[in-house]
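Note that chain A is present in both complexes that follow, paired respectively with chain B and with chain C.
For the complex of A and B:
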């Protein structure tokens, strides 16, 4: 599979913003991925595999986040990450439980 | 947001006795009650809400740190405190390490922004290894208060 570099901007619709569970879910997806993930908020750029970095995003509901991925599964991993920012419980559980 | 904006200094504990997750949460919530920040009649409801949140996934975020939290209708502003455990508590943390440092947060139902800014401050400050180590080694409430004030004054690296 060839290397890809993709980015996507989205609005956080989870009423609680990017909180601990969101950050944990992002980290879980990023760790399973073979691509480098960056999550960018208005105040911070976080590495997708670093929970501490992700918690520093401080992104509330209604704010815009940019996701960047570089690697062989870049497009696929952004498809998996984007729904996490809705706060949908099914998506969060799937992200956290999937091995 | 600085620690002084959300940490209740009177409720800081440098000598947590509990050795398990529920015991630690109960002890920290009790310290907020003893400091007059929580109505005694709301204590059990708050503990249960925090434990319920933990069932969804541990707030032990690694490096010996946990951020147990909940929203609760009995508070009208973000309420938080710090507790240190010398022996460490099994908190089923993301990295499997025992937790020595707790930041417990209780938020009003309608103020998620303050909660996020508090988390941002905690994660930014505790990334500094020196600050994190000093907090875990703190032997008194006064030590912890001093360290938090120094962090608020940007005296650590981050």
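For the complex of A and C:
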């Protein structure tokens, strides 16, 4: 099993910033993946599977966040996470629906 | 430790456990559970989480079906937050290790989470706190179930912290267990303030929003002298206040023997000290402190406690109890003194932008004669049982006074026709609390048997300050020279005409004004029963001559702050205190 460690920075374009539903979507993706995920904002570093932690990110629209993943599916997971920060409803709902 | 500044409405210091009531009157209960109950309590928590989760899932599905999946997603988020393992572990640890009650653990933990969001300077995050409060409420509702009670059934001493208390909540309180009040809103005239004063417990109102930062069971200090509320005080602060509370108790114990001694100045002038009451049971507090009568019996409570207008019998029962207990000493009943907004079954005024200047008090009575007559009938019937006097509030013009007296005469006639006994010669008086009445007092004295200065409203109307507005309340100052001149005029006119005059506002229960008022000629003080011993103590330590000098000096000063500090200094001198 190949261990990968990848990171990516991106700008939050969701007009509402990282909100409750974003956090839930991130959590849903993180739970499905086999990698360790960290989401880092200017003020906080959150575990991808911890909803309360994610809620504390305080990342408004226009701020930069960094995603880190370590594990066998690290690259795929980042690809799945990145669109969540655009606030696209279909992406959010898709992330939530896949159980 | 956190300090909040509010408006001091009832003096004293209280230290104790908080009972927190949120905006919806939701009570958050005590902090600790018994050691052997931990397993049961954990099970109770799990059941509540399960029930709340089921409810949220059902909401999610219903909302998703009706409004679309994106709206259901918010409940999905709540569900995740609720079922989060970290939250669960944290709650379990609190219950297992610290023996917190599940309710306390839930409220404490979620409020702490919410605070994190509230502190972050971003409105979108601050709103997130509401999501958390929503989860908290849901969990508490399931935890408390049928035990979700108001404050009517207290079982241990608590300090009540609430957004606001409704009149019926305050009226139904058990005074044995309520040791202090704090409300986020309200002012000195609020019902909470009056009830707290009546109960003789410290109270602070108008602190602004803070309830999200306390949990039931937290240690709180209420400083009703300075208007301070201290949440989770540190050791040093606690020690300081414990000392002060102890000193107050010693002072009260020291003043107790005064009860049976006359209120007489050093030069032998007798002063009457009467009690102000709102509830019939307070008449016992008056007797306990050796009051010379009831100088002000506020009757608003009779209207506030229920959803229907009080019947004549309800009035009569309350009045009789007070008269019987006072056993021949004078009892002054003031007819209802409040706005239509507080009356049961009365439509809200359409254009009441300025309630203090609106349709209230005697104005409301004269427009609602059946209501007014019911009260007057009961009072007249009670006058056969003892020394009862009737007083009309907020009299502004001579016409108003004459109208009120006419209604009274009419009710008397009615009683006569039915052969019902009453005291035909009962004294009829009025409150002096509107500057217009002071200006016209030389006419009023010809038409009343007695007067009573109501300083609370007199200050408010003279200085144009709404004392329930925390932004201007600092301008509300009884020591203002304009107020003092109006008081002096009232006393001069009344004494000159030989009409007995009393003072029943908060000023007459504040010892710093005692010498000034004695010096201006006041010989009848009416104060909240708790203040009687202190006023009597001071009266017995000063002479009229000395008080006249103090009054003359104060009347020459130009600003309220200087007057207040001068009066404080003179009071301390008289009491033999060195503190300045």
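Basically, the second predicted complex is superposed on the first by the 98 of 99 C-alpha atoms of A that agree within 3 Å, B and C clash if a C-alpha of one lies under 4 Å from a C-alpha of the other, contacts with A are read in each partner's own complex, and residues count from 1 in each chain.
Everything that follows uses one rule, which is that a residue touches a chain if its C-beta (ideal position, glycine included) is under 8 Å from a C-beta of that chain, and two chains touch if they have at least 3 such contacts.
Not measured: the values here are computed from a predicted model.
Chemist: Identify the partner contact of A:96: answer first if only chain B is touched, second if only chain C is, both if each is, neither if none is.
Modeler: Touch partners of A:96: chain B and chain C.
Chemist: Check the residue A:52 against both partner chains and state whether it touches chain B (first), chain C (second), both, or neither.
Modeler: Once the two structures are laid over each other on A, A:52 reaches both partners.
Chemist: Report for A:3: first if it touches chain B alone, second if chain C alone, otherwise both or neither.
Modeler: In the superposition, A:3 contacts neither chain B nor chain C.
Chemist: Is A:24 touching the first partner chain B, the second partner chain C, both, or neither of them?
Modeler: both
Chemist: Residue by residue on chain A, keep only those touching chain B in one complex and chain C in the other, then list them.
Modeler: The answer is residues 16-17, 19-21, 24, 27, 43, 51-53, 55-56, 58, 60, 96 of chain A.
Chemist: Looking at the complex, which residues from chain B come into contact with chain A?
Modeler: Touch residues, chain B against chain A: 56-57, 59, 61-63, 67, 69, 94, 112-113, 115-117, 119-120, 122-124, 126-127.
Chemist: So in the complex, the part of chain A that touches chain B is made up of which residues?
Modeler: 15-21, 24, 27, 43-44, 51-53, 55-61, 96
Chemist: Would you mind writing out the residues of chain C in touch with chain A in their complex?
Modeler: Counting only chain C, the residues touching chain A are 69-70, 73-74, 76-78, 80-81, 84, 86-87, 113, 116-117, 120, 122, 124-125, 128, 131.
Chemist: For a test of understanding, state which residues of chain A touch chain C in their complex under the given definition.
Modeler: Residues 16-17, 19-21, 23-24, 27, 43, 50-53, 55-56, 58, 60, 89, 92-93, 96-97.
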